[in-house]
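In the two complexes that follow, chain A is the common piece, with chain B as its partner first and chain C second.
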Partner chain A sequence: MRLLLVDDETELVSALAERLRLRGIETDFATDGDAAADKVRANAYDLAVLDMKMPGLSGLDLKKKLQRLRPGMRFIFMTGHGSEEDFRAGSAEAAGYLVKPVRIEALIAAVQAALAGGQG
Partner chain B sequence: MPANDDLRFFGTVCASVSHELKNVLAVMHEQAGLLGDLALMAERGMPLDPCRLAAAADCLLKQVRRGDAILTNISRFAHTTDASAKPVDLAEAASLAVALCRRRADMRQVCLAAEPGQAVCAAVDPFLAVRLLASCLDRAMDAPGAEKTIRVAAADSPDGPAVTLAGLAGDAAIPDDDPLRALAAGLGARLRREAASLSVIWPRP
Partner chain C sequence: MGMIDRLRPAFWDGATDGGPYRSLFNYRRLWRLSVALLAAVSLTPLCIMTVIDFNVTKRAVNQENINRTTITTSNTRRTLTYFLDERLAALGFAARVQTYENLSTQDHLTALLRDLKAAFGGFMDLGVIGEDGRQVAYVGPYDLLGINYADQAWFKETMASGSYISDIFLGFRNVPHLIIAVRADRPGGGHFLLRASVDTQRINDILAGLDLSGNGDAFLVNREGVLQTVSRSHGTVFERLDIPVPEQADRTEVVETSDAEGGLIVGYASIERTPLVLMVVKRQAELMRPWFAMRLNLMGFLGASVLVILVVILGVATYMVEKIFVADQTRAKTMHQMEHTNRMASIGRLAAGVAHEINNPLAIINEKAGLMQDLIRFSPEPPSPDRLSGLVDSILASVERAGTITKRLLSFARHLEVHIESVSLQKVAEEVLSFLTKEAEYRRIAVEVTADPAVPTIESDRGKLQQILLNLVNNAFQAMDDGGSLRVRIFRPGEAGVAVSVADNGCGIPAADIKRIFEPFFSTKKKKGGTGLGLSITYGLVQELGGTLAVASELGHGSTFTVTFPLDKGDAGAPAARG
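And now, the complex of A and B:
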């Protein structure tokens, strides 16, 4: 399993990536859409965890871009809001939807569920 | 409906600030979680890297300072409703408007720079002054120049105390019926759009 985390909060995404790596999950991170696209071009990720609201490309737009680069890749959205609007968009467009701060156990469970065959 | 517009502005600022604070807490949550993970690994015999611990501690302190700055700004903003008219330092009001607009600027990938200057006072409603300046910043962020940096400075001009936003694209006029002009007029101010800049001027009586 290889994951890509994308969030513009560098110190959040780097710590989360390190925590996943300590649990044996190969994880990279990016802090903007362009860097994420570069990493997806270069690596065979199974799943990306995307922040819904980032400067430049939104999480939803970035998902579409990454999906074109690597069809079959799965997605989970993270959001700081937990608003009804985000929930609807996140649930419809991805295999999982998590509200920050994210419990690491909940993230791993969502990743496993997504890779086991969820949509998105 | 001016009352609703005021409330809408207050809501927009609160939503933006709450999002910023959520991010601060999320970073602290992950860094604290990482410290817990490292402690657990140490219990199991993995050597602890002191530099890694120091980096996590530094990050936590930085986030506490960031959260404190956000709360200080929202407190300053809340207190703008204490009085409906008083002498307002326009440089202070401009720096507060910049701070409150920072997240919206980040989302648009525009940089806001409040330039230091001397205190310039006008007798205005403090809340509406910040609302007007934030609305001008929003307008400027919609059309930034190539550098994508809006520089904000307060100064005493020959026409009266003024706040100038520089670094805009072109010099597109603001129509007479633009709500921004009405908002400025309600505060006794007028707008001046010139090449790459937008000024809010409080004419001397």
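And now, the complex of A and C:
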């Protein structure tokens, strides 16, 4: 299982990646859309955790872009902003929708559920 | 509480409350204006009609009096003329059917006088005068036989024109009378005169028998203005008349004279073939008495109407202005509540954004703290103090970041009460924009704040300034697509003021809408749940702070809202009520 974390908050993604690695999950992170795309082109990720709102690029747009690069990839949205609209869009588009701050157990459970489920 | 206090309507003392949204009208002026206008349009025609009616009826009554005087004068003249003509004709007839010889005998003349008295009346004596002027026969109460009249004017007149009627005189007998004379032909050639005295009793009776209204008077005068008959109030017989005798008139004439006693109506007409003039004199004041009574009624009616109209006007004007006052007060209260609601709504909107911004540091804290725990739990050896210290620093920095955000929100919410203080427009603008940086970032909207360093602080209400700017910036954000640009400029438009302009490069406002954007409930964002109150509330807030709000917009190229404040005037209540 290989994960990609994308969030504009470096401190957040770096710490989260480290915690996941400590749990034996191979994890990379990127802090903007272009870096994420580069990483997706380079490696085969099973799943990406995307921030819903990033400067200049929304999580939904980034998801579409990455999906084109690597069809079959799964996605989970993670956001600090719990707007109704985002929740509906996020839930419909991705396997999971989590509101920050997220307990790591909940994140891992969502990742496993997403990978187990057929929908992507 | 006095009567005046109880009658005084509530609007008289102006707005009681309604907060900073001042009344739209000056109620007292509105009331005065409506009373004056209503009174003018209702009372002016009434007064004009009254004056016209007054004059018309006066003229009509006067004309009626003149007409009646004319008729009376004319009829009386005809009666008198007939009276004298009848006697002249009788005398002429007698002179024609009797011969000079017959008439010269005393018996015949006596019989003739008796017949004339019986048939016509009024004859007093009868005399026959020869061509030489000597009276050859006479019957009557005086001894006038043999008197020579050759030098008398009436004798010459009669000889010349065939007949003569004198004016009234006393003569030898000291009784007012007049004489009638006719010339007759003698069969053998030559002439003689038949002369009779007529007493004036019959004339007096005719004149006395006239029914004259208005304390009227009818009498005869001669051309010299000497009274020929008794008058009631203009002297007695042979006195000089105290009013001027008019020119000779063949027809009946009526003139009005005005003197101290209220004026006279004088009708006059000459009696044909005599030097006599008939005059009918009436007193205007007496004639107009019925009209005066009518005038009194008219004035009474006018007074009562004016009173009723004024009472109604006062009542209606007071009622209407009171209604406007109440409606205006309600509006002001509603606007005040709306302003509050708008502020609460924007705080709510901000809170949603703030929650997002706080969630990010919270998530960092979550991960850093979790990582510390993980390092202790999963690592075969304890983590180095440096590593832990770095993680704690991150946690502290994130707490600091979240604290800053909550403090900002608190400071924004705190300024709900009106509080005038020295405010820097630049600080307020930066504060407001700090809430929106994240949204700007996400939407790639470039926000640029430029402040002229020469702009001084102003005395104003920080909370309201925040609200104004937040509303304007929010509007600008809504007008723009992602990737737009917002420019906030703080500058001095002149010596007396400072200004903030908020310019976007969004959709712009159609020219047709630009006049309406400050109206309450005008909104083009119907679908997206716009209330249409944002700009009208902003406008109200700017006015409360004594400023002005101007807008320039080009469809498709963006809009610029500019708020200008006076340097040291920002108190909420000071500007006088509009209207």
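One rule holds for everything that comes next: the second predicted complex is superposed on the first by the 119 of 120 C-alpha atoms of A that agree within 3 Å, B and C clash if a C-alpha of one lies under 4 Å from a C-alpha of the other, contacts with A are read in each partner's own complex, and residues count from 1 in each chain.
The working rule: contacts are C-beta pairs under 8 Å (C-beta built on N, C-alpha and C of every residue); 3 or more make two chains touch, one makes a residue touch a chain.
Bear in mind the structure is a predicted one, so any value in this text is a computation, not a measurement.
> What does the overlay on chain A give for chain B and chain C, a clash or a fit?
clash
> Which partner chains sit in contact with A:Glu11 here, chain B, chain C, both or neither? Use first/second/both/neither.
both
> By the touch definition at the top of the document, which applies to A:Gly56: first (chain B), second (chain C), both, or neither?
both
> In the overlay, work out which of chain B or chain C sits against more residues of chain A.
Greater contact footprint in residues on chain A: C.
> Enumerate the residues of chain A that count as touching chain B in its complex and touching chain C in the other.
9, 11-12, 15-16, 18-19, 22, 53-56, 80-81, 100-102, 104
> Across the complex, what residues on chain B touch chain A?
Going through chain B, the ones touching chain A are 19, 22-23, 25-27, 29-31, 33-34, 37-38, 41, 56, 59, 62-63, 106-109.
> List the residues on chain A that touch chain B in their complex, please.
Within the complex, chain A contacts chain B at residues 8-9, 11-12, 15-16, 18-19, 22, 53-56, 80-81, 100-102, 104.
> Within the complex, which stretch of chain A touches chain C?
9, 11-12, 15-16, 18-19, 22-23, 53-56, 58, 79-83, 99-104
> Please output the residues of chain C touching chain A within their complex, sorted ascending.
It is residues 352-353, 355-360, 362-368, 370-371, 374-375, 378-379, 391, 394, 398, 441-442, 444 of chain C that touch chain A.
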